[in-house]
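You will see chain A twice below: alongside chain B first, and alongside chain C after that.
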Partner chain A sequence: MSQATPNQKGLVLNIQHFCTNDGPGIRTTVFLKFCSLRCKWCCNPESIGQRPELAYDINKCIGKKACGKCLQPPAPEGAMYVLDGPDDRVHINWDLAQGCGEETTSVCPTGALYLFGQEMTVDQVLDEVEQDSAFYRESGGGVTLSGGECLLQPDFSTALLAEAHERGINTAIETAGNVPWAFMEEVLPHVDTVLHDHKLTDPIRHKKWVGADNTRILANFKKAYETFPDKTFIARTPIIPGVNDDEEHIRSVLAFIRPHKNVVDYQLLPYHRYGETKYGFLGKVYELEDFTPPSSETMDRLRAIIDESFGRTAAGKTG
Partner chain B sequence: METSLHRIAINSGGGYVPGLNAVVAGAVLSASNLGLEVVGIYDGYDGLMTRENYPEGGLVRLSPNVIENLIGSDGSILGTAARTDPFRFRTINAENFVEEVDRSDELLEKIRAEKIDAVISVVGGSALTGMHALSVAFKLSRKGLRTVCVPKSVENDISVTALSFGYNSALSYTTETLARIRTAARDVHRIAVVEVLGHQAGWLALQSGMAVCADVVLIPEIPYDLREAAAKLREDEKAGRRPSLVVVAEGAIPKNDDASSADSSQNLQEHGLRKSLSPLSDPRFGEGARVIERSGLAAETVALKLQKLTDHETFPVVLGQLVRGGAPTAVDRQLGLGYGAAAVRALDSGQSGVMVAFQPPDLKFVPLAETINKVRTVPANSEFVQIARALGISLGD
Partner chain C sequence: MAKAAVKLADPNPLSAQERAIESGKKALHENVSERILRMIELIRNYGDPRLTLDRTVLFTESFKTTEGQPLVLRWAKALKHIAENIAVTIFADELIVGRPNTWFGRYGLVYGELDGSLMKEALGVFKAVKDKKGQGSIPSSSVTVLAEDGKVIEEVLFPYWNGRDFTPAFIKALPEETRHLIYGPDPNNISVQTGMLMCTGAWRHSQNWAHDFGKILTRGCKGIRDEARAKLAALEHPYDVVQKMPFLESVIIVCDAMMTLAMRYGRLAADMASRENDQQRKNELQEIAEACAWVPENPARTFREAVQSQWFTQMFSRLEQNIGGQVSMGRMDQYLYPYYQKDLADGRITRESAEELLQCVWLNMWQSTEVKLSPSAAASMEGFAHFEPVTIGGQTADGLDATNELSYVILESARPLPCTYPEITVRIYANTPDRFLHAVAEAVKDGTGRPKVVNDENIVPFYLSNGATVPEALDYACSGCCESRLVNRETQVTGNTGTNLGAVVEMALRDGKSKVWKDEQFGLKTGDPKKFATYEDLWRAFCAQLEHFTKHVMIQQCVAVTLKPHFFAAPMASMLHDLAMKECIDLHRHGEFIPGSIDLPCLETVGKGTAIDSLAAIKHLIYDTKQLTWDALLDALERNWEGKEAIRQLCLNAPKYGNGIEWVDAIGWEIERIQLECARRYHVRANQYYMQRSVPVTAHVPMGRAVWATPNGRPNPEYLSEGISASHGMDVKGPTTALHSMARARCGAYKEKGADLINMKFTPSTVAGEDGTRRLMQVIRTWCELKLWHIQFNIINKRTLLAAQKDPMKYRDLIVRIAGYSAFFVDLSPMQQAEIIARTEEEMAH
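And then the complex of A and B:
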């Protein structure tokens, strides 16, 4: 089944060092491109597409007079333009710039035009990850694959995680689980900790806010708990006010996970708007324009339900 | 070779503006006189792309005796489509993956199957969704669709037309509301800072501000220094005029050397008001945290800074999208009817790939390629700007 090889290449979005919320200890998180969901609150919109995609930071543009190289072919007609007036920096017509790739970004001398996503080999990724190995040893950390949906590149993820184990690095993944079971079955043997999302309980509401219903997601997680009893699973929910910040959702997730002893925790992540900038860089519309983060009171109230279910006091100690 | 014209479809891309039904009525009445049939497509192209979601089939036959009663009505008989795109149509594949696929060929085939010879699309303007609708029409035209576009904008920012329909209604409502706010603010001895639409073009802020003789008007085209605005408010007060109203377009930007905004970590000229003065514009809040786009920040930020500079109590008010609703004014009714009728005339005379444009005193037809990627902004030395200054309105410069 596995096509994994040590020289496997994958489409990598970013490698982020010293992460403390992506699994145990201090970790290096590798973000892979491609996602099968469209969460309206997504903070990594640059990770969604299956291919490298055009991005633009107007603050780095030096303008038509000083440069203007992107205003001519190979850029498609009308894709880049300059408005009348004193500001001669380039703007992007994202509808006409669809499909622009390296041939378009390579002409930009300042890096204003660039691509989200690049091909990397397992060795290239792990050589960078290994630079932090001292921190992993001290903190019990390791490498975490995130995304996008890291399970949508199953061969690359498998090769990378297997090689990480070979190098003595602890492994974790972040997944939303909307993949064929075969992908999960291929990757999970090489994972120490599985951080998995329960975004919404109701399948219709799940489809409205996330783009697809959660029937297969729940089936995958249940099968994963049972197929890999020795793996550590941690359930997570991004708390979005007015969407899933209700006790009913928290209790339904607890009902789903608590029968499985290998699901050791359920964590809540308060919604934030840090990814919003990137929507502008990609020419995408951020649909939750007027949403605000949940209050600390809401988070405390919902976390108390989880603590009670896991037999912990509010301070997080076993009661 | 183009087929003869028998059946025309009409739809609306982008969001609602007052007068949409008037455009539809203008097209239907005009087509009827030429013996042509008109059908409406619901919600942009959704009525054709996802007919299964519409119990009545996604298309509606538009007859003159029905539509003429809707000329002055609120709402849109055809609906709108702010985010749908036949070139990136969101769907769920067999693997339950959400993906965006190009279904433009399928759309063109459906148009042919419905024996629709041409499409009139109401589109505009420069904001992301409006530009998007125009670009979609442009791309469909390049793929062979016989099409004429009608410009709509509550910001009047479409470059090729002197007046987009919807603008006059928004201007009237904004002016009326500003007058009420000013009275309320003056009554409690405070200064209202009112944010109005206008991300790149300041027409709405400038003309409504002029209409009520606001104390200060800040527009994207004229970078401001709030110290200048504050000085003007103090002068007015010394002269016995109680300051009460500041109008700020959502895209207004401060001057580079505006020390009143120097606590922002970003180069202010570079990022615009909403971006540079965002509460989270400090990089200490984390990578990617510096730009927070939400309506209301312009008013909120200017209100706080003016309060510091003037020691007058201020309060922010956001009109924003509220002014897009409502029924059309008389100007937008006749403009909408005229645009609809002219679009049919363009098609009947064999034109395609054009936008109807009001270039006084004429309605003209401009190639779509000349309409995209342009914004009609307020010239810094325009007559309107000079009149505003003559009225004693500070533009913050």
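And then the complex of A and C:
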């Protein structure tokens, strides 16, 4: 385990303010890049890779005639090109554009060319996070680390969360748990609330839909519940029709978590398709299965099972 | 991964207002009687507001007979003449009576003595707007003028007032350089301002004002008249006899006039009752007759009498003069509460009947529309701007929680109404009860932009540091858009000054010349920016231009304050003011400094975000990162960005105010400091300075037309930023960061840093359900903690606004938040509609 310092750097995807579904209160969520799962419904493809990635939004491009700055070096020859015809907006040859970095994107005046992911220090992140501190005070909120998989940058996450505590900020993480136990053990002492995903229970289906076995994940969670009895754990499942919207899955997760008093809730999040356009920005084709968002009836039905298990009446729940 | 989803069943829920419109319902909620619904329908069906001339015709008749007498006495006699002769009418369903017009529907008073010289020209403008509307284009603040009324204006009012009124006299009295800056190169222009500065002194008799209504309720006109009589009898000193006697005589005359008018209504009601066959209406008319026979002459005895007396007083105030944005209601849940409590205990009223009586007042206020004769004024106050805030909540003068049952009744009485009244203003402080804040958040979610909230944690210290006692400061009332008043200590009743910060930027970039005004030299010659070696050189040029503008708005303010006592008097407003009554001096003479008064003239600023972003873009692109040269930028600006999209994009993507960037926000703080320091240099009297504020109403739209392209990427004629908000859509980090930036860009180091306006737009889905209500409460609590001055919300879907542009008839009741007031969306000009649509839409991150 390395020494945590405020100068510790991590690869940050985005800092999102006014988040209300990532733990208690009004929160600021810091998305870290790099993920060890490959969920078939992933709506954040930009969060998967381990390096900064070139992205391009053609709708912002104003064309060769008005601009054309990216058609010259430092961009690799042929990486950006314009088709013949009236539409003179730039297109990307993604193979040639591999490895394009800030020197390429910084020439773009419109923000059409940009990078997903940037190196930031703990202090840089927290200085922005801390601007919302008045909102945390009033709402019981704080900072949430998400991803990607935030536990894949354990030293940075540890440094960031420890420093957040130094600054009096409540902390939470969102994790899928597919990491070596050592990483979890390093980070969790600095976390107040652990939001952890139970995407699927059955190991084979898990492997099919998520790209990895869930044996280590479940072992990690169980060990975490027992090692950190004072931490608050909240289990979550993104509900994807046809994948995990069955009562059986919900009940098996409940069976897994209910023996542990420090798992205080189990939340279901309906799948959405907001990520579709982002595949295009990365030069990737959205060729995933055609998932549809779950109906509100399904959500209500599944949530009722959870409420029953936790001894709550369904009426008190909203959302 | 876990970011995979939001917890929303319905991704696009509607606000209560949107639901009502979509389902063709007349009211947003159920707590509204058939009577109220009938009256709303009649008012809406009457259509555009119509000019009502009776007040000015009678005022003019009287003025013709009193020439040479002390002005305050002439005013009182004119009011008496009006009270004795104006038509009195009571319409079906009315419970609270009194109106200066003769129809049931919206009306607009005009005032010959204010700007009668503009009347003829205004007739042409009104007609042009009306014709345009007839051609199917989107209507905009359209006013009806009947042919017979046009004739009265042309034959009676204009001939008398042309050249006798305040507006041209004010313009003539301005030093030429100041006049040129405000009214432009044409020396004969008296109607259209250049847009460099804003000077509202010529648009209204009085700056926003709240009367001490409690005085009328507890003492009655009789009590006030007795006080005036006693004072009159005690006058001895020859100086006093000359100076004070006319004032005291005026007070007595005005009290008599108010009683006379009320009596006439009482007699009419009694007469109508005697001829009424419907027993229920007969009873109602008898109750009206009894109330009008008793108030405002005597102290009110019941809730109904108190409400009737309050309405008479505000109606009389409208006859007396135009207060900018009309009359503020003061702390209604405080001064009406004893009557409510007593009547409820005695079984004289129910909560429902109290709500209905209040709703009758709201509908009366709705009909009284502020019509502007000056096109510049009309454009700055679009959608018939009105600021008649009804203040509720907050703390009492004793420092205790002021929330009472009536606070809730007032709040709830407003919620069902599909109209732009009343303008509920909630005072929030650190310890506002959650129950009350919850009710407020629920009301905000209706989506009509009301209530707005103001912050005790900012405003009370503001007054304390500017000379008020603790009980006085705790007892402030909202007045005007989001400003406030101490109704017995403050005296500043002259319209205000305004500085176009976008134009200041242009002056610094174009050596003091305005491109829109064909290179007219309005600013100082601060040199060619290409020769500015550093950002500091540009900053110095900007400051010089800002100080130049500031100096000239102060010059015009001085002219207005000096000239007004020769043109205006307000004996009724004055008799309700402790200090004016004590010194026997009319409030319009506040420039002489009424002993004990807090008299803070005001420096309005417009386009703060535009100026910050323009300076930040230059600093970042030209000096810090050297991505751009002055040659390239100035060339692109001269072309209004045409053919220069790449440079405009660079400017649009430069660091922007509202995103938590410290050095950018700091520019805003510095701009305010420069202006405050400048004002301190030319202060009026020891320890009282011009206050600085940002409450532009809709002035950022016309003022945007006056400013050429600006380096923040804005083309001409687009609007400037509004209030202290970031430029439209440029605050991309969400509401928490935007509020943080706004708090940091406020120059709180100065005690005279005053009101600021904040607009925030949420989609209904963001605040849906109980979770959403709690969230909104937390946002308001945090805003309170950040010690910002004011905030208001539009809770609306963008698609509703776009649909309303296409189908104005279906959406004729759609209300949106503008500045410190709400307006019907269809009453706005296309540019103002676009401005509303462009405001940053805050969504919860998912």
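Quick note on the criterion: the second predicted complex is superposed on the first by the 302 of 319 C-alpha atoms of A that agree within 3 Å, B and C clash if a C-alpha of one lies under 4 Å from a C-alpha of the other, contacts with A are read in each partner's own complex, and residues count from 1 in each chain.
Following the convention adopted for this analysis, a contact is a pair of C-beta atoms (placed from the backbone, for glycine too) under 8 Å apart; a residue touches a chain by one contact, two chains touch by 3 or more.
Predicted model, so just to flag it, every value in this text is computed and none were measured.
Superposition of the two structures on chain A shows chain C fitting alongside chain B with no clash.
In the superposition on chain A, A:24 makes contact with neither chain B nor chain C. Of the two partner chains placed around the shared chain by superposition, chain B is the only one that A:85 touches, whereas chain C remains out of contact. Greater residue coverage of chain A by touch, when chain B is weighed against chain C, goes to C. On the chain A superposition, the C-alpha centres give an angle at chain A of 100° between chain B and chain C, rounded to a multiple of 10. Of the two partner chains placed by the overlay, neither chain B nor chain C lies in contact with A:10.
Look at A:138: by the touch rule set out above, it reaches chain C but stays clear of chain B. Of the two partner chains placed by the overlay, only chain C lies in contact with A:111; chain B stays clear of it. By the touch criterion defined above, A:239 lies against chain C but remains apart from chain B after alignment on the C-alpha atoms of chain A.
When the two complexes are overlaid on their common chain A, residue A:98 makes contact with chain B while staying clear of chain C.
In the superposition on chain A, contact of A:52 is made with neither chain B nor chain C. In the superposition on chain A, contact is made by A:212 with chain B only, not with chain C.
Between chain B and chain C, the minimal CA-CA distance in the chain A superposition rounds to 6 Å.
Overlaid on A, the two complexes show chain B and chain C touching the same residues of chain A, namely 37, 274. Interface residues of chain B, counted against chain A in their complex, comprise 83, 85, 87-88, 90, 92, 95-99, 128-129, 131-132, 135-136, 138-139, 200, 221, 267, 270-271, 280, 285-295, 369, 372-375, 377. Listed in rising order, the residues of chain C touching chain A in the complex are 1-10, 643, 645-647, 649-650, 652-653, 660, 733-737, 740, 769-771, 775, 778-779, 781-782, 785-786, 842, 844-846.
Interface residues of chain A facing chain C in the complex, by the touch rule stated above, are 16-21, 25-26, 28-29, 31, 35, 37, 39, 41-44, 47, 62, 66-67, 69, 109-111, 128, 131-132, 134-135, 137-139, 146-149, 174-176, 195, 197, 236, 238-239, 267, 269-272, 274, 296, 299, 318-319. Across the complex, chain A meets chain B through its residues 36-38, 59, 78, 81, 83-85, 91, 93-96, 98, 178, 180, 211-213, 216, 273-278, 280, 283, 285-286, 289-290.
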